[in-house]
Structures are given as structure tokens and as C-alpha cells.
């Protein structure tokens, strides 16, 4: 399982290194949403300062949807989602862990760049780095795991592009809530209460990683 | 009429009569509350509706688990899960509406980010997605397997959503619904009306779910019939005799 | 087809067929793409499958690959009962489908290394396999996206060569291949059959069919219609290479 996971993750990351879809399309899109938020909020420094952490995570959520779509798209040729991977004979749990790990790694890199962007655009002073990083890592693990599950659930549907956000976004609402609160508190200089939100993020990540590992075979082997 | 039909019909009639009685008792017979006035009358409906919504999603989760478990795998569980979720979404919608109606005079706004309301609204969206997934999957087996997984994945989310939202809001304000001055004193007549409401709404749930289940079963039976015909047609096209044994009715269900 | 001289064919020398289907019904959505198919394919046999569009040829290959479940009837592939486990056997099956399942952003070599490792094999066979199908030198390290359709097909074929499956499922493999490519394909198939692999090959071309029948000692033609096999003709050893001189075993 772990060997297969490593193989799949390395393959997906290599594809991203070559095609740079996440780097050249998803990342600019996430940056764009940050700019659009500023327009919507009249670029009011106090408002942006107070809401920066939350807006950052909304942008990350949208980017996750696109990254998951891409991850599913890589495996689809002529609407036969995942047929190649199934024929390759890889353990489904390995596919799940590998795909999640690749999505997670891409999102972490994206978040690092976005953090700099919010700091500059919204005049945020980056502080409480330990909390920020912990929330980002735990939150991203949960997002990647849930995203991979829902990506596969909607994969062979003809309405994949529209179905995924509807299924996925309500499920990850707790991640948005917890990660945004943790970030906001840390950025405001009160990392103490922020740390408590990490519990939820950790719980979410564990629950969805276990669920995905157990359920992925059922999802992939239904056709 | 078979006993099954009689039973179904009786449940339907009982739920309609019971709900009608609840409305009559709730609106005309029971007294207004000392603090809340006539607003208290919502208490006969709102908690019952919310209870049914949660019951429905609980049934969906259990039925989905039973479908996924190999020893009890049967398309009937999937139909039950789907039927229950449909009714659940309707009742979740009603919960939100009745909650809003309560909220307007109580809090002065139609919507507030009260923990229960927030959790319920997410639940509504979660199961709306589940129903969409049911529509989007082709073939009973594919649909059953995929949706069972989706239902279980959704149900593990419910406590996480609930506790994170609860904790989030409790940092802002004490939960308003449980505010002691707003909790009506329930006694005598009122308690009976409340109980009747719970029972008749639960019956309504059972009735509606059974109807939807029957519809799904008929659709599946129609599909099986269609499959048998298509199969015979296909074999004739191939110039071979029909299969010696007819395809069992559950051919498409395993 | 002309009148067939039918005679029962007993195969005592082949105890376990590679593919054994009995009354197999398979659904695509709710449509019965296979409507109760019986088929035996022996190790080392090259079975050419033909039939009109929609006869169920591609579905037959997908059922053998364990991708599409059999709802009624029996299906045993390489000794595995597909009703019990459709996944375990896939490492020993090679499928060359219409869409080639290659990653556009990886090179042919990277694709092969990934797929061979995924199947639990050693990547040492990769270079030989690419050489064998004529994808060598610079081509092996060019992105698959910039290869021609024929070169992609050769790369997909190389995956099978490298993985050495016991059952080859080829869906119109000749399409898009040039003359040289077709010769390579024929040789690869003949080698695999000689090594004991069973080959199921879908084709619409009569010329391809007659050539393939000469490739193996046990070659046969399966004619499909309406999701069933109307006939399965084996070439008589020592015959002229024409299936119609064979025996009707359906």
C-alpha cells in the first residue's frame, strides 16, 4: 500500500512539474480571488485586516476544487476515469493515499505563495507562524483527503465539474471554519485560543484519511 | 388489497389525522405562553420536524452501511437509503423555514448564525448533494455503491460540523434557543400536544418514505423487465435461443 | 459465411482455459451489452473477435479485464473467479483499449516505468520493450502528448511487452499503426502466444484476420452478434490457415 502510494504520488507530482497546471493556472486563480475580495470589500484596510485569514482560506478552498478536478482529469481519457490505474493493478488504498499526498503537497506550496500575497495585499503582519503552519498542514491534509474521495465519487459522472463543488464544499465547511479562526487569531497576535482550533483540523484530517483508505476500493470498483 | 397496502394506507391516514389534530390543538386549544405568547405554538411543530430530519438521515446512514456490508448487501437497503434521504431533505427544509419563522419575532431577524440553524443548513446542503449524486449515477449497482459510500462519508461529517459550529458560536454569544427565559414551561395539555406532534410527524415520515421506497422499487422492477426484454432482443439479434433460465428478477441488483 | 461442417472438438490437452465464460451477462448502465455469452480461450490461443458495431466486442474485453462485472453467469480468467475478485487478476492481464491510458505529460519511458512498477514488475524490462516496438532514442524521452497516434499505440503495446501478461486483450490494435507497426504487432503477438499467453483481439479488417490466423498453432475466430458468440471456429492444425475449414465449437 505505501509503496503504491509513493509511486502514485511521485507520478502525479512529476506530471505537475511538467504541465504546471496548478502552478500556472490554479495559483493565479487563487491570487485573483484575493484581489477580487479586496474589490468587493472596497479595499478597506481595517476590514481586510480583520478578515484576511478567512479570505485566505476561501481562496484555498476554491483552489482545492480545481486541484482535485485536475487530479481526476489526469486519470481520465475519453471519459473512462481511472481505467488505466485500475488495470495497472495498484492497491486502491495506495491510489487514495498517493493522490491525496500529491494534492496536499501542491496545496501546501500554493498556500505558501498565497500567504505572501495576503501579507502584501491586505497589509497583514505574519505572526504566530507555528500556529499558521500547523493549521495549514492539518487543514490541507483534511482538504486533500476529502477532495480525493469526492473527486473519485464524481469522477465517472457526466456532470463531474458541477457535481464536485456541490458535494465537496459543504463537507469541508468545518475545515474552513477552524482554519480561518486559527489563522485570524494567530494573525491578530492571540495564538493561544487559535491553537484549540487545531484539534478540529486534526480530527477532520484523521477521519477522512481513514475513511478514504477504507472506502476507496468501493468507490473505484463500481463500474 | 394486500395487508401491506392496508398497513401503508392506515399509516398515511393516521399521520394526516394526527398532524391535523396537532395543528388544531396547537393553534386553538392550548394556551399562549406567559413570555412568548402565541409564538410558543411553533414548539408543537418545529422540534418534531427537526427530529424527523435527523431520524431520516440516521436511517439513510444505517441502510447505507447495511448495503455496503457484504453479508447484508441488497438493493432494498439502497432504495430505503434514497427514499429516507429524500424525505429527510424535505423535513430539513421545513426545519429551516419553521426556525426562521420563530427567529423573526424572537430575534428580530429571519436568520441568525445560531449553532443549530447553521448545522442544519449545512446538513441540508450535504444531503442535497447526496440526492444529486443519486441522480447522476447510471445503473442501480453503481448508484447504490457510490451513494452508500457518500452517505457514510457525509454522516461522519455531521458531528464534526456540529461541534465546530457550536464551539465557533459559543465564543460569540450564549446559545439563544436554550436561553431560560425563552424556554416555555410545558405542562398538561401542551405536553400531550407536543407528543402527538412528534408521533404524527414520525408517522408522516414513515408513510412518505414507504411511498418513495415503493416508487423506487417499481422503477427498478420496470428496469428489470426492460432488461429481460432487451436481453431477449439481443439474443435474437445474435441468432441464439433465449437463455434457458430466465434472468432472475434481481439480475441487476447484485 | 458458407455452410459449416460442424464436428465436436475435444480439447483434453488443455485442462484449464485462460478465459472461460458461461452464460455471461454484462450491463453497460442498464443495457445488456453481453447477453449470455459462452466462450473458452485456451493458453496460447489467438482468438480473433469480429462482429458488427454494438455486437459487444469491447464489453467482452472489459469483462475479461475485470472492469465490467458479470451480473449472471460464470466468468473465470487465469484461474480466478471474477465473481469473487475482479481486481487481483489484473496484474496478469494486458489491455490495449481504444483510449491508450497513457499520461500525456510523461515520456513513453516514464509511462512504462510507472506501469511496470505498479504491476509489481522490474523496470529492467522497459528499455527492451520500447526497443521492441520501435520507440527508442529521443522518442522514448519525448512527452507522449507530442507523439503521433501510431507512436502512442506502439508505446501502449510496449506496456504489454514489458509486463508480459498471461492474457492479452487487444481492441482493434492495428488501427493507426503503419505497415512496420503492424508487423511488429504480429511478431509480438506470435511470441506471446508461443509463450503460452492467450490473446483476444478485436478487428474489423479481413486482411488482418487472415494474417493473424497464421500466427499461432491454435488460432480461432469468434463471431459476435447481439452480445453473444454465434460461432467460434478453430483452425485445424496443418490447414490452410482458413478458419472456415475448422470446427464449430460454439
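Order of writing sets the labels: A, B and C. Residues in every chain begin at 1.
Heads up, the rule we're going with is that a residue touches a chain if its C-beta (ideal position, glycine included) is under 8 Å from a C-beta of that chain, and two chains touch if they have at least 3 such contacts.
Owing to the predicted nature of the structure, the values given are computational and were not obtained by experimental measurement.
Taken pairwise by the contact criterion, the protein chains are fully connected, each one touching every other. In this assembly, C is the chain whose CA centroid lies farthest from the centroid of subunit A. Compare each chain's C-alpha centroid with the centroid of every protein C-alpha atom shown, and the nearest one belongs to A.
Between the CA-based centres of subunit A and subunit B the separation comes to 31 Å, rounded to the whole angstrom. Centroids of subunit B and subunit C (each the mean of its C-alpha atoms) stand 48 Å apart. Averaging Cα coordinates per chain places subunit A and subunit C 40 Å apart.
Touching two or more other chains at once are residues 223 of subunit A.
The multi-chain contact residues of subunit B, meaning those touching 2 or more other chains, are 141. Looking at the complex, you find that subunit A touches subunit C at residues 4, 7, 11, 14-15, 18-19, 74, 77-78, 80, 83-90, 92, 217, 221, 223. The residues of subunit C lying in touch with subunit A in their complex are 65, 67-68, 86-87, 90-91, 93, 95, 97-106, 110, 114-115, 117-120, 143. Across the complex, subunit B meets subunit C through its residues 138-141, 223, 226-227, 230-231, 233-240, 243, 247-248, 251-252, 254. Residues 23, 25, 27, 29-32, 35-36, 55, 69, 71-72, 224-230 of subunit C are the ones that touch subunit B when the two sit in their complex.
Against subunit B, in their complex, subunit A makes its touches with residues 146, 149-150, 153-154, 157-159, 163, 166-167, 169-171, 173-174, 177-178, 181, 193, 200, 203-204, 207-208, 211, 215, 218-219, 222-223.
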